[in-house]
Every structure is written in C-alpha cells, then in structure tokens.
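In the two assemblies presented below, chain A is common to both, partnered first by chain B and then by chain C.
Up next, the complex of A and B:
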C-alpha cells in the first residue's frame, strides 16, 4: 500500500519534471521570440540608427505611421492585399474542394501537387516569372493573350490588383491543401441524408460543408493573412512599391527604414503595429469561429 | 618616396572582381607587372573582393598593423570611407600629392567624392582620402542610321537633340528607349538629371548634393522646368509604349535592335551598344553632365609600407595603366593622349573626352541622389507620379525639397 506521503512526493516530482520538460521550449521561445519582441518595443520608442547612441522619442515613431501619407497608404494597401492574399484564395479553394469532393476521381494526388506547386517555388522566381507574364508586350505575355498593351505592373490603376492576383495564385494552392483533408473528413452519409431530405447544392454547402469546415477555414484564413502581412519579396521584386507608392506595403517600408535609412526606431514601430494586426486577425477569426460553434 | 632598391611584400586590395568591374579587373596583372619591374625587390600580393566584403572587412582589417594592406580601394560615401575616416584608419593623401601631383591630374570633382572631414560624418568637403583610376558619365547614345532616316543629325547641342526627338516621333519611331518598371536601375532619375543639366549649373547642383550652402535647393525654376520637359516628352509619346512596365535591360535591348533613336544611360553600356549597332552607334556627352569617379584608392593609416602604397597609386595614374583601362572599355581618370583616344571606339572616345572636358571645366555634376539617404526612393516614386500625371513638376520639386530640408535640419 502506498502512503499519502509518498503519493504527494511523487506528485511533486511530476510537477518538477513537467517544468523541466518545458524549459528547453520556453528558453527557445524566450530567446528567439519574446526577447526580440521586447527589444523591438524598446527600439520603437527611440530614435536609433542601429549603431550610435539611441535617443528616447516616446510615441513619435507611432504617430508618424498615421500622419505620414506613405506609411498610412501602405496600411491601406495592406488591407486591400489581405483580400487578394487571404479571402479570394480561401473562397476559391472552398469551391474547388467542394467540386473535388463530389467527383471522387483518380489522380487526386496529382492535382494536389499541381495546386500546391506555387508555394514550393521560391517567391523571387514567382515574381520574376509574373513580371515577364505581365510585361507590356512580347510573346506569351498576358497582353499577347488578350491583344492589349497594358503595362500592368507599371500602371497606377492596375499595379495593385495585378500584384494581388499573383498573390491569390500563390496562396490558392496553400488554402486548397489546407481545406482538402477537412472536406474528406466529413462522412458522405451526411450528404446522402441531406439529399434524401431534398437539399440542393447550395443548401448542402451552407448547412454541411461550411459549418463542418469552420476550423479549417479559420486556419486557412489565419495562415494566408499572416503571409499577406509578411508580403515583401513579391512586391520588392515586381514593383518595388511603385508606380509612385501604389503598391507600397509595410514590409518594404520596414526594410527601407531599417537597412537603407538606418532608422531602426521607425522600422520597429511599424513592425510592432504589424504584430498587433496579426494578433487582432488571429484572435478575431478564432473568436468568430468559436462563437458560431455553439 | 620609395627607393629603387626597396624590398618586401606589398599587400594591395581592391573590389575589381571581373563581374563588378571588368575593365579595372583586366588591368590588375599589368599593374603588378609594372610595379615589380620598377622595383625588382618588391612583390605585390593582390586581393580582389566584392563590395559587400569590402564594407564588412575593411574597418576591422585596417585597425591593426599586421592586417592592414599598404594600399586599398575604398568606397566613396559614409558607409565605407566615412567609417574608416571616423576611426582614423586612412591617411590624408595631400602629403603624397605634393610628391606626385595626383590631384591636378584627376581634377576637382572626383576628389570631392573622396573628401571627408576628420570626423567622417559627411562627404564632399575636407581631406582627400582616395584617388580614383576611372570615371563614368551619363550621356546619350544615338543611332546614326535611324536619325538619317528621319532627316535628323547626330546631336551636338541640346536644341539639335530635342529637334531629332521631335522628328523621330513625327515619323512614327520611338524617339527614346526608356524604362520605368522593375527591375530597373536608374533610368528615370538619369533622364531627369540629364534634362536638369541643361537648365541648372553644375555649381548649383553640387551645392545641393553636398549641402555646402544653406540656401541650396532643388525647388528652383530650372529643376521645375526639367520636370516639365520630362512630363511633356512623356505626353508627346517619345518613350516606348508600355515603358512603365519595362526593365532597363529591355530598354537597352530595344535600342540595340535599332528600334529607337536615342538611349540615355551611362558610358558603361558603350561596349554593348557598339557591338550591336556597329558604325551606327554614337554617344553624345552634353556640356554639363552627370557622372562620378570609380572607387578611390586609399592608404591605410596603419599600412606597414605606405610609401609603397603611394607608388602603386602613382603607377595606376601612369599612361601605361590609364591607356590599358581605355583599351578595356573604361574612362580613364586622367585625360588620355590623342593617340590612345584614336584607338578607342567612337562611343568610348566621346565618353572619355566628355568626362575629361567636364571634370576640368567644372561641369561634372554629382548624382543628385547622394543628397540624402532616402532621396533615390522618393525621386523614383515622384518621377513615376510625374509621368503618370499624378503630380505636377512644382509639387514634385517642393516635396523633394521639403524632405531634403528636413534631413539636413536633423544633421547636427
């Protein structure tokens, strides 16, 4: 028989070893995420060139984000790009997985690979290829296909949607691969039952597919939205923020501030604002999903 | 000064890797041979590195006597030369100029690029810390056959040049190959600078770039006129269709294929243009011209044998090396002899002559984007807005000036 004393000692040992198991992860997180985050908050309140002596400036770097037209404009562009990076790919892949569920064909693996391919290709290469495709003239370009001569990436009205559509193309495969296992998890009997009850395609989609894919959709939106917030490579390569500032995004401004202009304070402030936006989107999407779950 | 029987090993560093600087790289073996022939006891040990290596390695290497070379190229501006000067790692070269007379050979503006006050905080004034071996100018390439076809003439004046463009446009030709899309180097700014050179004096532009006068400004009638011209040329259809989405390589290709009358760019394309257009290739350097020196040669303060380093700089400026540079497609920093010029291609000859004339008459204009760290970004965006009709010439210059004033008000 085990005495209560031994029992509580064993319990304590378990707690201690539990914390010991946690330590490596906590140390990693602390050193690679928490510490840099705290440092970034500190820099964002300073005027610092990255080398010399830092000067305390309070919230000046933050007020600049909302008073400077270029920085404010980059946040507006980001909001528009969120639609292209996140909503459009998720919506399209919802339709695609729904169609694929209905026709259980062979060669599913092939389509999965093809749709996911843009994610595997290095973004710089994607940007270069699309810069060629969207060139004002030349064989094999979008313009040759439609018989037009629009400089898509250099036009004040088209540059942002053009970059956005490339982003949608890029993220479609990701959203597709995220949603496909989810829809395959839904037992076919539920659809059969609905059909017996006289449900049409639309009703099936709204009443069965959407609610049962809730969590997968939330994950897809979160992951693609974070990709939008990190959009740098595509823009840097395809438009460099131009023409004018029509495709300027915070990621590119952070790069310019920190590495070209030696303005680490402004770069950090913009970085912190982006972090807050990521948190708001992540928790917003989560709470929306959880609330509708009941 | 070095004596004939000097002996030892002379470490010599540069950024002349063939991909970055083919001309300077090609003459390195000749440089070493020449020095070692003059001083049989010396052995020159060459190290070529990339620009980023140079930025990373020099400050630390120059700090100690056992790692500092006797002579090295250093990059003009605050990032490289500025740091080295601030840490007292370079020798002012005036003492050697007294012995060798380099400064008069090279001319004032190339030296101004290599001048910094002892604290290294800004450039364009103070002691000279580097002497360049080459120069570059932004001029106007033209296609003689195409000009003749529309009844134009190779330009020798600004009026002739603009008249030629109008003629080309009238005949349905692309007057000027040009690109404002990605990836682009500097086409839009080079265009604006070249037009501005017609309206604004070199001295006024120099004062603006190096901020040597508190009243220096880009918001002046001359610059506004230049921006207006550029907008007018855009509206008149002088540039290729869809130029907004073209890269600078595509613009060069259009011109190389004989599809445009002019192409405005640096002399560094002269080899390629001559190869494509042959005898039809021409290059005009306007009297006031934008350009700058190649990397300067400096002597580290802790060099073991600074006199040997100085000797190497002197050989670099000698006719042997300077002529070899011209032969390899670079503009030599020192005015070449008539016979050396005669052997060069017509485009390179025009470039080298234009450089030397502009430098020694005080008509070489530094790149305006040296004015502030963010100037290039703002200009590129601003010119795109100007050409797209999103802003006016006045508003563009006002906004550039306001950022410039703000920047300089913050520099103590």
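Up next, the complex of A and C:
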C-alpha cells in the first residue's frame, strides 16, 4: 500500500514538474502569440509609418477598410475566393467520395494519395507551374489543350477566377480526405434499404449521405475556408494582386501596407479583421450545423 | 447490384480527377529535365538533361537555400516537438492548477493567421536586432507549432489509460522517466503526425522569411525560388528544376508517412 503521505508528496512533485513542463510553452505563447496580438491591436488604432512617432487615430483604420475601395475590394475578392477554396472543392469531393462508395471502387488508397498530393507541394512551386499552365500560349498550356488564347492571369475579368481554379485544384484533395472517413462510417445497409424502397441517386444523396455527413461537411468547409485566408503565397507569386487590384487579397495588402508603403496601422487593422473572419467562419459554420441538427 | 456501366463511369471520373491533379506536377518534372535555357515554355519528352538542375544548384544558389531551409525546419520540428510534448503532458496528466488556460491559449494561437502576427513580429524583432537571422524565422514558427502541438499532444495523452501512468509510478519512476520512457513511446504515432505537419508548414513558410530576411545568403528555398523566378523567368528548365528541389523533401516525407499527414489534417476539425 502507498501511504497517504507518499501520495500527497507525489502529487506535489507532479504539480511542480507540471509547471516546469509548461514553462517553455507559456513563454513562447505569451511572447510570440499573445503579446504580438495585443501589439497588433495597439498598432491598428494608430497612424504609424514604422519609424517615426505613432499617433492615435481611434478606429479610423477600421472604418477605412470599409470605405477605401482597394481594401474593401480585397475583402470582396476574399469572399469570391472562398467559393473556389471551399465550396467547389467540397462539392466536387462529395461527388468523388460518393462515386467511390457506390461503385465500391478498389484502389482507394491510390486515389487518396494522389488527390492529397497538391497539399504537400510547396505553394510557391504550385504558383509557378500554374502561371505557366495559364500562359496565353505554349505547348501543354490550358489554352493549348482547349484551343483558346486567353491570357488568364493577365486579364481583368479572368484573373480572379483563374487563381480560384488553382485554389480549387489545391483544396480538392484536402476536402476529399476530410470527407472520406465520414462516408465510410455510414453502414451500407442503410443504402441497401433505400434502394429496396426505390430511392434514386438524388434521393439517396439528399436523404442519407448529406444528413449523415453533416458534421464532416462542416469540418471540411471550415478547414478549406480558413485555408482561403492564407492565400498570400499563391496570389503574391501568381499575380501579385494584379492586374490592377483584381486579385488583391487582405494578406497581400497587409504585406504591401506594412512593409512597402509604411502604413503599419492599416495593415494591423486588416490583420485583426482577418482574425475575426477566421473565428466567425469557425464558430459560424459550427453553430449553423448544431442548430439544424435539432 | 450496380451496373457495369455505372462502375466504369465512376472509375473514369475518378481517374480523370487523378489526371487533372497530376498533370501540372508531371509537366513540372518533365520541364525540369529539359536542357537549360532551351525552348522557353513547358517541355514534354525529349532527352532528359540535368542541366536545369545544375544551373539551379550552382547559379541559382539552391544548395544554400536548401541548407538554410533544412536548418530552420529541423530546429523548429525538434524544439517545438519537445516543448509541445511537455506542455501536452502537463495539461492532460500532471494537471497543475490553471494548466487548462495554457490549452485555451494554444488553441487560440493555432487559429490566428500569420498575417495578423507578422507586423508585430517584425517590429518586435527589429527592436531586438534579430531581423535577418535564422532566429527571426525559427522563433515565430516554433511558437505557432507549439500552439498546434500542445493541443495535439494534449488530445493524445488524454487517451492514454491512467493505469499505465499509475503502475509506472508504483514502480518508482520519476516524472521525467514516466514521460519520456513510458508515455511518449505510447503516443509515438501522434508525435510522428505532429512532426510531419510542422515539417510541412515550416518548409512551406513564405511570408515569414520574405518579411524577416533581406540578406540573400539566409534565404529559404521558398523565398529563394521566388526571387530566382523574378531574375530567370525565361529559363523554364532551371526554374522547374529549382521548383522540384524545393518541393521534393516534403513530397518524399509525405509518400513515406502519408497516413501521418492525413491524420493530422483532422486537427482543425478537433478544435471545433
């Protein structure tokens, strides 16, 4: 038997070692996550060029986000990109996992490995190869394959959807992998029963697949949507926000404002807005799903 | 039963998606193997040549970029893994009063976009004169990886049966031995997944080194590639070769540990 005394001594030892083990994480999180976030909020309320004296301006940087056409435009572009980063890949991968389930396709491991591959390719590389594929002309380009001659990334009307297409290519595998385990969890008997009742493809999808995958779809939408906020690398390398401001996104604007134009306040305000968007997406999608569940 | 036609059609659709996914990557590799500064444009087939790779490696300085990225990435993976294991264990099993708050801070930190922190990071580091050093890339990346890893390891340690720790304590194991000799081997798959993801994120990082580093001898491979693209945008084979070099380490790790990678992406859904 262990005496109560040894036990409490052990517990004390455990508490001390617990605090010791937490120390590095607390220091890193405090100094490089929490403190900078507080600083970002502070900058966002100031007019500062990064060198001189900062001046308090209240919420002016925030109101400008919604009045200045470039900043507001970047948020509109972000909203459009959300469709390409999130909704299209999730819709396409829903089709793909369904095909896989219905036909009980073999070689599932192969498809999973292949579809997910773009996710592990360095984003700058993705941007470079797609810049080539979307060039106005040349062997093996999209234009050559379809017999068109559109300068996709240089066109005011096509640049944003073209970048969006790359985003869909990137995130399809992510959505696929997020939905696959969910559909495998649904017992095949449920589908067999529906088929006996004469349910067609569409009814089967709406009555069984969609409701049973609700949570998985919500997770997939959230994760891919958050990825859309991190579009900086792809946009910087593929179009640098152009032509004009047609593909400008908040991330790129932050970089430009803070490090090229010396407008630290605006950049920080936009960063805070992006943070809020992340939280709204994460908790918004979740509460939507929870509400519909009851 | 499904008709043969339906089965064939679904297979065709799935294969088409695979082709669309692979085509850009295959085009990249075949272009990288074309003779340097040759045609201009994507290249398919022909005699494979290593000249694109030699150009990127020597003239493009990719040897240095790869080394820099390796130094930063390995440091971040090792340091953040050790600290995240420690913190995850403390929150899940040692449970000193108040430990839960560290968990909340970690989950919160994991959700913050780099774009929101990059500005204060830069000015913080400028004050301490660490801009243009490896530290400027390592420290923020370690912090973000700890934010993810603490949460990830907390979940892993929580699933360890309490009897395991209890019996080890009975045998007189010190807290140190308990954690590193008994518990960590028990959650090895979670550690592997964490390491794989942190490796991917750090190797792929772009905004952070772009902002922190102006000295070209410290460029990581992502920034180096981007700058190289600006200077040699017409040299398709060298650019493609540089791209292949930049992408290869993560792709290799992925092919060997794809299960670990794929398990990790569910972390985002766990947060919810």
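The criterion applied here is as follows: the second predicted complex is superposed on the first by the 256 of 294 C-alpha atoms of A that agree within 3 Å, B and C clash if a C-alpha of one lies under 4 Å from a C-alpha of the other, contacts with A are read in each partner's own complex, and residues count from 1 in each chain.
Heads up, the rule we're going with is that a residue touches a chain if its C-beta (ideal position, glycine included) is under 8 Å from a C-beta of that chain, and two chains touch if they have at least 3 such contacts.
Every value quoted in this text rests on a predicted model; they were computed, and no experiment measured them.
Participant: With the two complexes superposed on chain A, say which partner A:237 touches: chain B (first), chain C (second), both, or neither.
Facilitator: Both partners, chain B and chain C.
Participant: Under the stated touch criterion, which partner chain does A:96 make contact with: chain B (first), chain C (second), both, or neither?
Facilitator: The answer is second: A:96 touches chain C but not chain B.
Participant: Just to be sure I read the superposition right, which of the two partners does A:152 touch: chain B = first, chain C = second, or both, or neither?
Facilitator: After superposing on A, A:152 lies in contact with chain B but is clear of chain C.
Participant: One more residue to check, A:286. First (chain B), second (chain C), both or neither?
Facilitator: It touches chain C, and chain B stays clear.
Participant: Which of the two partners, first being chain B and second being chain C, lies in contact with A:219: first, second, both, or neither?
Facilitator: second
Participant: Tell me which touches more residues of chain A here: chain C or chain B.
Facilitator: C
Participant: Should A:256 be classified as contacting the first partner (chain B), the second (chain C), both, or neither?
Facilitator: In the superposition, A:256 contacts chain B only.
Participant: Classify the contacts of A:167 with the two partner chains as first (chain B alone), second (chain C alone), both, or neither.
Facilitator: Neither partner.
Participant: Which residues of chain A are in contact with chain B in one complex and with chain C in the other?
Facilitator: 135, 237
Participant: So in the complex, the part of chain A that touches chain B is made up of which residues?
Facilitator: So the residues of chain A touching chain B come out as 131, 134-137, 143, 149-156, 237-245, 256, 260-262.
Participant: Over in the complex, which chain C residues touch chain A? Could you list them?
Facilitator: By the definition above, chain C touches chain A via 2, 6-7, 10-11, 13-14, 17-18, 20-22, 24-25, 27-28, 31, 41-44, 83-84, 86-87, 89-91, 94-97, 99, 102, 105-106, 108-109, 111-124, 139-140, 142-144, 146-147, 150, 169-170, 175-176, 179, 200, 203-204, 206-207, 210-211, 221-222, 225-226, 229, 236, 239-240, 243-244, 246-247, 250-251, 253-255, 258, 261-262, 265-266, 268-269, 271-272.
Participant: For chain B, which residues are in contact with chain A within the complex?
Facilitator: Chain B reaches chain A through residues 180-183, 241-247, 250, 373-374, 377, 380-382, 384-385, 388, 390-391.
Participant: Taking the complex as given, what residues does chain A use to touch chain C?
Facilitator: For chain A paired with chain C, touching residues are 2, 10, 13-19, 21-22, 24-26, 28-37, 39-40, 43, 50, 92, 95-96, 99-100, 102-105, 110-126, 128-130, 132-133, 135, 138-141, 169, 172-174, 177-178, 218-219, 222-223, 226, 229-230, 232-233, 236-237, 250-251, 254-255, 258-259, 264, 267-268, 270-272, 274-275, 278-279, 282, 286.
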